[in-house]
Structure formats: structure tokens, C-alpha cells
Amino acid sequence: MKARYRRFAWIGLGLAAVGIAVALVLSAFRSNLVFFFTPSQVVAHEVPQSRPFRVGGLVEAGSLTREPNSLTVRFRVTDTAKTIPVTYTGLLPDLFKEGKGVVAQGRMGPDGAFHATEVLAKHDENYMPPEARSAIEQAQKGPETMPSLHEARAR
Amino acid sequence: MLETRSLAARRGFATLFQGLGFALAAGEALVVSGPNGCGKTTLLRMLAGLSAPAEGEICWDGASVRPFDAKLREAVAFNGHLPALKDELTAFENLAAWTTLENERADAQAIDRALADVALARRARIPARALSQGQRRRIGLARLSLSRRRLWILDEPLTALDSDGVEVLETLLAAHLEGGGLVVAASHQALPVPTANLRPLDLATVPGGSHG
Amino acid sequence: MSPTAVPQPDAASVSAAFAWALGRDLRIALRSKAELGVQLMFYVIVVSLFPLASSPSREVLATLGPGVLWTAALLASLLSLPRLFAADFGDGTLEQIALSPRPLPALVSGKMAAHWLTTGLPVAVLAPLLGEQYAMDGTELWILAAALLLGTPILSLLGAIGATLTLGARGGGSLLALLVLPLYAPVLIFGAGAVDAVRSGLSAGPQLSLLAAGLLLALVGTPFAVAAAVRIALD
Amino acid sequence: MIVNWYRYSSPISFYPLAGRLARVFGVLAVVFTLAGLYIGLIVAPTDATQGDAYRIIFLHVPTAWMAMFIYLVMAFWSALALGFNTRLSAMMAQALAPTGALMAALALWSGAFWGRPTWGTYWAWDARMTSTLILLFLYLGIIALRNAIDDPRRADRACALLALVGAVNVPIIYFSVQWWNTLHQGSSISLTAAPKMAMTMLEGLLVMTAGVWSYCIAVTLARVRAIIVERERGAGWVASLIAPQGAR
Amino acid sequence: MSPTAVPQPDAASVSAAFAWALGRDLRIALRSKAELGVQLMFYVIVVSLFPLASSPSREVLATLGPGVLWTAALLASLLSLPRLFAADFGDGTLEQIALSPRPLPALVSGKMAAHWLTTGLPVAVLAPLLGEQYAMDGTELWILAAALLLGTPILSLLGAIGATLTLGARGGGSLLALLVLPLYAPVLIFGAGAVDAVRSGLSAGPQLSLLAAGLLLALVGTPFAVAAAVRIALD
Amino acid sequence: MLETRSLAARRGFATLFQGLGFALAAGEALVVSGPNGCGKTTLLRMLAGLSAPAEGEICWDGASVRPFDAKLREAVAFNGHLPALKDELTAFENLAAWTTLENERADAQAIDRALADVALARRARIPARALSQGQRRRIGLARLSLSRRRLWILDEPLTALDSDGVEVLETLLAAHLEGGGLVVAASHQALPVPTANLRPLDLATVPGGSHG
């Protein structure tokens, strides 16, 4: 009899542990486990000052400028609340588009701009032919897209 | 108490034995013999509940048991080829750890006495690493002397024992059998068991074997 | 010596079985007096190797810190895993343990606890001291210690599964590493991530709660997995 | 029905059935794959954002799905093997591991080559990639453990246990995109929502998935047959099976 | 079977003894089919662990590359060291080897060569492939391979001394690591330094010649040291 | 041939034996007996050149030899407690490796014949790990049958052998002694050595011992 109670106690303990574990996991996922920081966090100085980090957001429409005769580009990354300037020297990936997602790796420079060493394009999960896209964009009157450097060279 | 029905053992593609059936009652000692590699050790490990038979079943106290059965684990004391000694610990500590593990109530005096009985009193406090082959086996005897298990399974218990050691084993076996215990032992030499209690089993005569 | 079946005092008691295995393994570990020192020295050396190998710019060091301290903890755990069960398997003790009437999950838990106390705990205590080398500050060191305290037991627990599964298998040490490292990887990611988070000014909360959750789940599950693996190994 | 299944749970009666099924699925695999490639590479339109680079999807997604799915199937057979000690389920698990490893490797490889043009990097340590890599390592670990244990029965059970322990990883991979805000895109296809993908693309993807699926089944069954012959070569029926060819 | 003392054919032949030990150990290593694969997998996993733990900025990765690849090579060597002599010691083979009429330094050299062939060489071949991950370019990869080819045999040789000295000692694995790692440190420094040098636009010549010198010295010295250590261990 | 003068062995603070002197000529077998822990194994390891005596000297062919002496190494075949088998290799491979190491010229046929002589023909090609205890010891016998060493040192050669195995050993010993070989063996049981060649040595009667 006593042994049986003890057994129940252990089983109860195990179940309780599993329950707590599940609760902990859920709470962890409700807070942010980040792969990148948002511009708002950058503006609020919630980012490391002394070491490289990642910034993610949308490329602000119409913000992309190129320095002549070099691969250096400037653009602004926004999370719709806040916006930060980014400079980058190098080839941009194919999917880099104004108005589309981007993840940039680098650090804050003294000029207040984010100096990227690497720019990754983050795209959404929609796949459709160009005609469909333009139809949708027409409908939404979405922002006009600028060709990426890569595509520009391909022409 | 201990019964087997059409037990078979297979290793690789070889059948070591099959159709092995016997019943062992309280106070009896099954002494398994047979040529090298005929499956004595394999049989003993099955009976101890360490490995599953390829076929057939093993019954303990009337109930069929599977490997690591709780009832069997309460009843069996297994002394195999391996000494189960920790080289870092002394003979005393090794024996104390064993008895606690087996849940025997044995205090320090009892342990010292058991070690003295196997002539290890003067070596009880040096690391087991330093003991001679026979002295290591003697710790196993001391363990049996403290054990209240009903079924002793002994694989070649005479290995490395001198004549004094054999005498100690004889006393232990006699007392155990007299008290209604069971013994299953494998050996190439005659075991010091009273003939009245002896049930010899020659594995070479069991069908299915293909030895060598 | 009478072989009558006396009712055994507390054969089924989980805590007694746990204490037995824990006590025995700790005694053996402490018997080799140098043991604990050696563990710690290993950790110190590995942690100091990295700055030697890569060019030790201070800034790079700071980035590396958590990763190195964690990887070294992981390797210290990994290196001592083979001893955890292989010795007992080789000398027949594991047979006796598996055949004893005491509950096997509790016995192997005791062994795992002893492993953690002799490898994980010292590392968790030492790491904050070494962290200074890597330009880590007060909070970071505390979080490092907390993450290690939560994470190293998981390493011991998961490692034990690998250690028992490879018993009697060929290719010992590296096979074990191959089995265990993938299981270790999440611990490493969240463990090092916790320190990275505070360094970046974020809260280490999510990482620490994931580690805690992992620890709880491992505590519940591994004893049974390891017990099953032990029985498989003996078959 | 149940009786039927029970009958096929023994290697002797499963062996010929596996042979027939393997042939059928082999043919299906070829047909589906050719059709899928035709749809994917020729019929399907280019993507608005990714251009033609997106066509890696027709290899990447089926293999990534299979990598995870095979692990679950393997864990299922492993559980059966441990619970009921059935020989055939252990053999199934054994036969699945190499194919699973291949699928995981293909998913990683195709993902990496897709990532270069689209994201701008072959590899980033984000959650999904890392956990897929871990999945590959788990497969390799299981294969290695099997090779390292002499006794096949013991190897069966040890590998089964490892497979079950490692199964924790699969949900992590699957939900990683939802839990973590990572680089990898979210799902385009799910059972609960409309596909976020043009119809032709989706058709190509599904046909390719059927092809990869059939390939995995065919290869696994063929491997099970080989394993049965190897393991049971002591038994009479296998001996009579291989004797005519004069083998051994 | 006649016990007359036949003059033995090539009792003193160093190369025959070397070949015997080499062949035997290789055969045992290859017997576990997965063995070599496992070694390599271990290396790949450890190399991939570091980016997992530290924040994986590409820039930092590039700095880390040589250090990580070398440290992992060193750990792969270290992890397989215990097997090098401990197994032979445990099962009595080492007694027989030491009692054989063949020259003991040649026999242990064969064992060390087998150790290198199964751990060092595969790593040296694989490292350049993994180097790509760490943003290393053509020349750097060649220098890396060259440095590993020169350095890993030193690891096997020096490691063997540690492995024999710890035979039968308590605290096995970690004691060995403690003994051996300080000996490994210079190899690591020059090995990783060679790649760093070309990366900085300098010549890797000095580092490589130091490694070569170290290798030659180790080749001359260690067989005798190890032979002596074996005899001490058996006494 | 083999001679010792006032040999002594110490372990810890215990003197196992001292002042041990004997001379063993070609064709003679020294059979060492004595209770567990009296120093038989210790003595045998000294004679094989594995460890140094605390006092006294050992002479081989008239010359005093130290541990690992080259002359002694050419002459001695040592079969100790440990089987020196690689579990990964088969019985055949193990035996082949040994004979090559010992520099015996033995081809595959000879090795197969030697294994058949110890009834291992059908187990010659499975990993030694799978062999039974006695089968492992039999590989040691096969090795002796291929050996042309003059001095055989055997520690408890009867361990785990069945009666067939003992017969094999008997034949081997007889042939070896007849050919002028020397044997030093420790055993707790009577060894199958022709009485004419037997030189018994009871270590219990050697002074200085303090056993148990």
C-alpha cells in the first residue's frame, strides 16, 4: 500500500515537472528570442554598442541610393515605427528589393548609420508568376520596385 | 521453484542448445557441464534474467519471468566471469557497496567477519587493484556468505581458488542448500556439492547443439 | 545466511537507490585525489587555448567569450562521459546493478548526479572566474553561471544516454561524441545565447527558461531511457 | 484485415510482398519524378520575386519534408520494435535511416544553393537550418551506432532507443520558423490555410513530392529485402532462396 | 614446435616491426566499418559547434577559422588517444608486445603511425573543405592543409607519450588531457599562426619550418620515450 | 638454463617471498603452487622479464638478465591472466598477429591447423569478442603450439579449459619438454606434466612469506 502511494507521488512529481517545463517553453516563446534586432530597438539603444549585430526590417521605399563608381549603397531600414540608415559595400542579393525584408549584419558607426558587412534578403512565403504579382500590385497600388544591382547588371 | 520449458539459445547463426527443460526444487544444485563454448555461460545469464532466450520460457516460483523481472531480481545472486570489483575501492568497501546494493542488512563487523572467513582480513583495507586473482574471487565468496538470496548462479566458481578457497565454497554451498536455497553453477571440475542435492546437467547431451 | 525470503527493508525505495549510486561514484571519483583538479585544469586549459590559436584582439575575445566557455564545458562533459558507464560495464558492476532489486532508473540517476557533481558543477563555478579573461562584466558573469548551472546537468543527463548506448560498441569515444553532440547542440545554443542576450542589453529570460524546461524534461525522461539502454547493453 | 497485417509482420511472408511493392513504387517514382520535373522546369512560370532560382523548390521542399517525415516513421517502427520486440519493425527502421540521411543531406544542400542567390549567403545559423543539420547528424549517428554493434538484435534495440530520443528534434524543426523570427521563410503550404503559391507551381511541387515519396518507399523496401536476406541467411527459406544463384 | 633456438630471420628488423604494428592497428580501426567516418563526423561537428555558440557574424567567423579548425584537430587527436595504448594495456597485448624480440621503439612507432593515419590525416584532408565555411580562400586553404599535415603527426607522437604515461593511472581521460595539452599548445600556435600569416599577407614560411623542425625532433625522440614509458607501465 | 638466486618480491609493505633460489634445466617444468596471494603471479612476471625483483637475480643461459632483456625476449613465451586478444579481430587474425609478432614462420595453413587442433576450426572466423571463456584460452594454447620459444611461462593454464582442452595442453607440454624446452607454470590443480620432468615449488614453504 505504502509503496503504491510512493509510486503515485513520483508520477505526480514527474507530471508536475513536465507541466512546468511546458509552461516555461511557452513563456520563452512569447518573449523575443531574436535572430535580429528591429530599428526601434536600435533607436532605443537596446543593441550592443561595441560588437556586431543584426538588424532586420523592410527596406524603405525610395531610400536606396548608390555612390557612383563604387559598390557602396545606402538605404534605410524600417519596422514602420522607426527607421535607421544603413550603408553597405558589396553585391546585393537578388531578392533585395525596396519594400521587401532584409537582414543586415554589421555595427553602428560613429556617424549614426549602421555599417553592414553582409546583407541578407528575407523574403515572404508567396510564390507567383510576375503577371499575377503585377496584377496584385496594380490592385494595391504598391510601391514601385527598383531593380537590384544584380538585375541591373544582368540587363 | 526454477523451471524452464523448451529453452533455446542462438548466437549468430549457431544454435547452442534447444528444447532444454528442467525443474529445480528448493535445496537442489544444478551443475552444468559441457565442452567449451557449448553455452553454459549463455544459459546461466538467461536464468539470471540478463538476457532473453531465443525460444521457450523460464519460470520462477511458478510464474513465467522475462529478463530483469522484479521477482527474479529479488531472489538471484549472480557471480559471473567478471569480478564486479572497483579497483579504486578496498575489498571492504567493495563488499559493503555490494551488500547495500543487494539490500542485505550487514554492518561493518559482519563485513569484516565475512572477509576474515575468506582469509582476507589482512588485505581488507588495500585497493582491490592490488589483490591477486584468487583474492579477488574470494571477495565474491564473502559476498555470497552475506547474501540471503534464494537462487545462486555461479559461473565457474572454482576459478583461481586454492584448496582453502574451495573448502570455503563447499561450506557456503552446503549451508545454502540446507536452508532451502537453489544453486545453478557451471564448472569444468567437480563442484563440492553434497551428492544428495546434486542435479548434473551435461549440455553436450542436449539436442540441437553444434559445438566447437 | 539463511535463504528464507525475509521482507527486505526498502528495496523499492527510490531515494535509497539514488543515494547508493551517488555515494559510491563520488567515493570512487574522490579516491583518485587528483581527479577533480584534473577536470578543472582541463577546463582552464581549453578555455585558454582559444585566445592562443586565434589572434587575440580584445574585441574578438569579447564576442567569443560565451561560446568558448560553453564549448569547453561541453567538451569537459563529453570527455568524462566514457568513464560514466564503461568502467562499470567492463568490470561487471553494471550487471550487478541491473540485477539488484533496487529501481534501475534511480540507480542510474545517482550515477548521473555524481557525474554532474564532479564535472558540471566545478565548471559552472569556475567559469565566471575565467569569464573575466574574456572581458565579461558582472551581470554577464552571473548569467553565465546561471546558464551553466541549468545547462550542465542536461549535458550529464543526455550524455549518459549516449554513454550507455555505446557500451560494448566499437569505436568508443568518437562514436559517443557523434551520438551526443547533436543532442548537446540546443543546450549550447541557448546557453551561449543567454550570455549574448544580456551582453546585447536584452533579457536572458527566454533562454534561461528554455534551459530550465529542458532540464526538467531531461530529469523526467533520461533515467528511464538510460535504464532501458543499460538493459539493452547487457543482453 | 488485421489477420492479414499480422501475417506480413514476419520476414518470411513480407519478403515477397516487399519485392512486388518495391517494383511498383520504383516505377511510380520514375513516372512522378519525370512528370514533376517537366511541370517544375518547363510548365511552371518564373516567380515574380525570385526569377528562375525558385525552381530549386521542386527538390528542396520534397526532400525537406521527407527528411522529417522519414524520421517520424523511423521513430514509429523503433517504438514498435522496442515495445513488441518484432524483428521486422527493427529492420524497417534500419532500412529507413540511410534514405532519411540522404533526404536531410539533399534538403541542406539544395537549401544552401538556394540561399546563395536569394538570401545572399549559403549558410546562416538560423534555427531551421541548424535543426535540419542536427537531424542529419542524428541519422548519421544512428547509422554509425548500428555499424558499431556486432549483435544485430542488440543493435536493433539500441538504435531504436536513440531514434526515439532524437525524435524530440522533429517538432523543433517544424515549428522553428514560427517560434523564432528567422531568415527562413514561413510555410507556403499548410493544411489549414490556402496555399500561398500559384497553382502550377503547387502542382509541380506535389507531383515531385509524390515522386520523392515513392522513391523513398521503393528504396526502403529494397533495402529491407537485403537486410532480411542478410540477417536470416541461417534460416532454411533464405538458403533455398539464394541457393539457385549459387551464391556463397 | 621444436623448441630449439632457430636463428630468427629478421628479429632486429625495424621496418618489419613497424609494419606489423601499423598493419594490426589499422586493421582493428577499419574493422569497425564506421570508425573512420565517425572520426570525420566528429571533426565536422566540432567545427560546426563554434559558430553555433558564438554569434555567427561572418567577419568574426573569418578571424576564428584557423583557430577553430586547429583546435578541433587537436581535440580529435586527443579524444582518440586513450584508445591508442589503453586497450592494449587492458587486454594484455601490451605485455606481449613488450616481451617480443622485435624492437619496441619500432613497434610503438607503428602504433603511432596508425593513430595518425586514422585521426590526423583524415582531418588534414577534410579541413580545407571545411575552411570554405569560414571564408578562407585558396592560398589560406593550402597553407592550412600543409600546416595540418606537418602538425598532426606531432600531435600523435606527443600524445602517445601522454597516453603511455597515464596507463593504469587513475583519472584516465582527463589526466591525459592535462598532460598532453600543454605539449600540444606550441603546435597549435604555429599551426594556426601559419594561416594567420598568409591572411595578413605575410609568408607562412617561418611557422611551417618550425612545424617541420618540431616534427623531425618528435620523430627522432618519441619512439624511445614511448618505449620507455611502456616498460615502466608494465612493471 | 633458468636460474634464480635469493630472489625476493615485495608488494606494499608485505614481503611475498625472499631468498628464493632454484635452477631449471632443459626439459624440466617448474610448477609453482601455493595459497592465493602468495606471489605466484608475481614470481612468473619476474621470470618473464616483466618486472624487476626486489632482491636477487635471475640468470638465463648463465647470464644475469634484467627486465626486458633482449636474450630473454627471444626465448620466452608468456601466457598470463590476460588473454591478449583483440575483440575486434577473429581468432585466426589474432593468432596470425601473435605469430608474426613472435617472429615465428607460420603460414595460413599452419594457423588454421593450430586452431583446428584446439577445436576452434568452426569459430576461427568470428570476432574474438563472441568466443566463450574457454575458447579464448584455447587460442592461447594454439599460440603455444606454433611457438618455438624455449621457455614457456604459464599462469594458471587450466583456467576455463574443459577436459579436451586439458588433453591438448598435456600433449603440448609433453612435446615441448621432450624437445628440451623449459616450463614455469603456476596452478592450483595438478598440471598434466610427466612426473619425470616435474619440479614442484610450493611457495608457501619459501621463507619470508606472510600470506592472507
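What to note about this one:
Residue numbering begins at 1 within each chain, and the chains themselves are lettered A, B, C, D, E and F in the order written.
FYI, a contact is a pair of C-beta atoms (placed from the backbone, for glycine too) under 8 Å apart; a residue touches a chain by one contact, two chains touch by 3 or more.
Every value quoted in this text rests on a predicted model; they were computed, and no experiment measured them.
The fewest steps needed to get from subunit D to subunit F, moving only between touching chains, is 1. Put simply, the chain farthest from subunit D by mean CA position is F.
Summarising the inter-chain contacts, the pair of chains with the most C-beta pairs in contact is C-E.
The chain with its C-alpha centre at the largest distance from the centre of subunit C is F.
Both copies, subunit B and subunit F, contribute mostly matching positions to the interface they share, with over half of the numbers common to the two. Taking each chain's centre as the mean of its C-alpha atoms, subunit A lies 31 Å from subunit D.
Centre-to-centre, using mean CA coordinates, subunit B is 48 Å away from subunit D.
Chain geometry summary: the mean Cα position of subunit B and that of subunit E are 44 Å apart.
Of all residues in subunit F, those touching 2 or more other chains are 81, 88, 127, 130, listed in ascending order. In subunit E, 31-32, 34, 38, 41, 45, 52, 55, 57-58, 60, 90, 170 are the positions where the chain touches two or more neighbouring chains simultaneously.
For subunit D, the set of residues touching two or more other chains reads 121, 124, 130, 137, 140, 144, 148, 150. Taken together, the subunit E residues at the contact with subunit D in this complex read 32-34, 37-38, 41, 45, 48, 51-52, 56, 58, 133.
Looking at the complex, you find that subunit D touches subunit E at residues 121, 123-125, 130, 133, 137, 140, 143-144, 147-148. By the touch rule above, subunit E contacts subunit F in their complex via residues 1-6, 8-11, 20, 24, 27-28, 31-32, 90-93, 95-102, 104, 231, 234-235. Of all the residues in subunit F, the ones that touch subunit B in their complex are 11-12, 34-37, 40-41, 81, 119-123, 126, 130-135, 137-138, 156, 159-165, 188-189, 212. Per the touch definition, subunit F reaches subunit E in the complex via residues 48-52, 67-68, 70, 73-76, 78, 80-89, 93, 97-98, 100-103, 105, 127, 145-150, 172, 175-176, 179-181.
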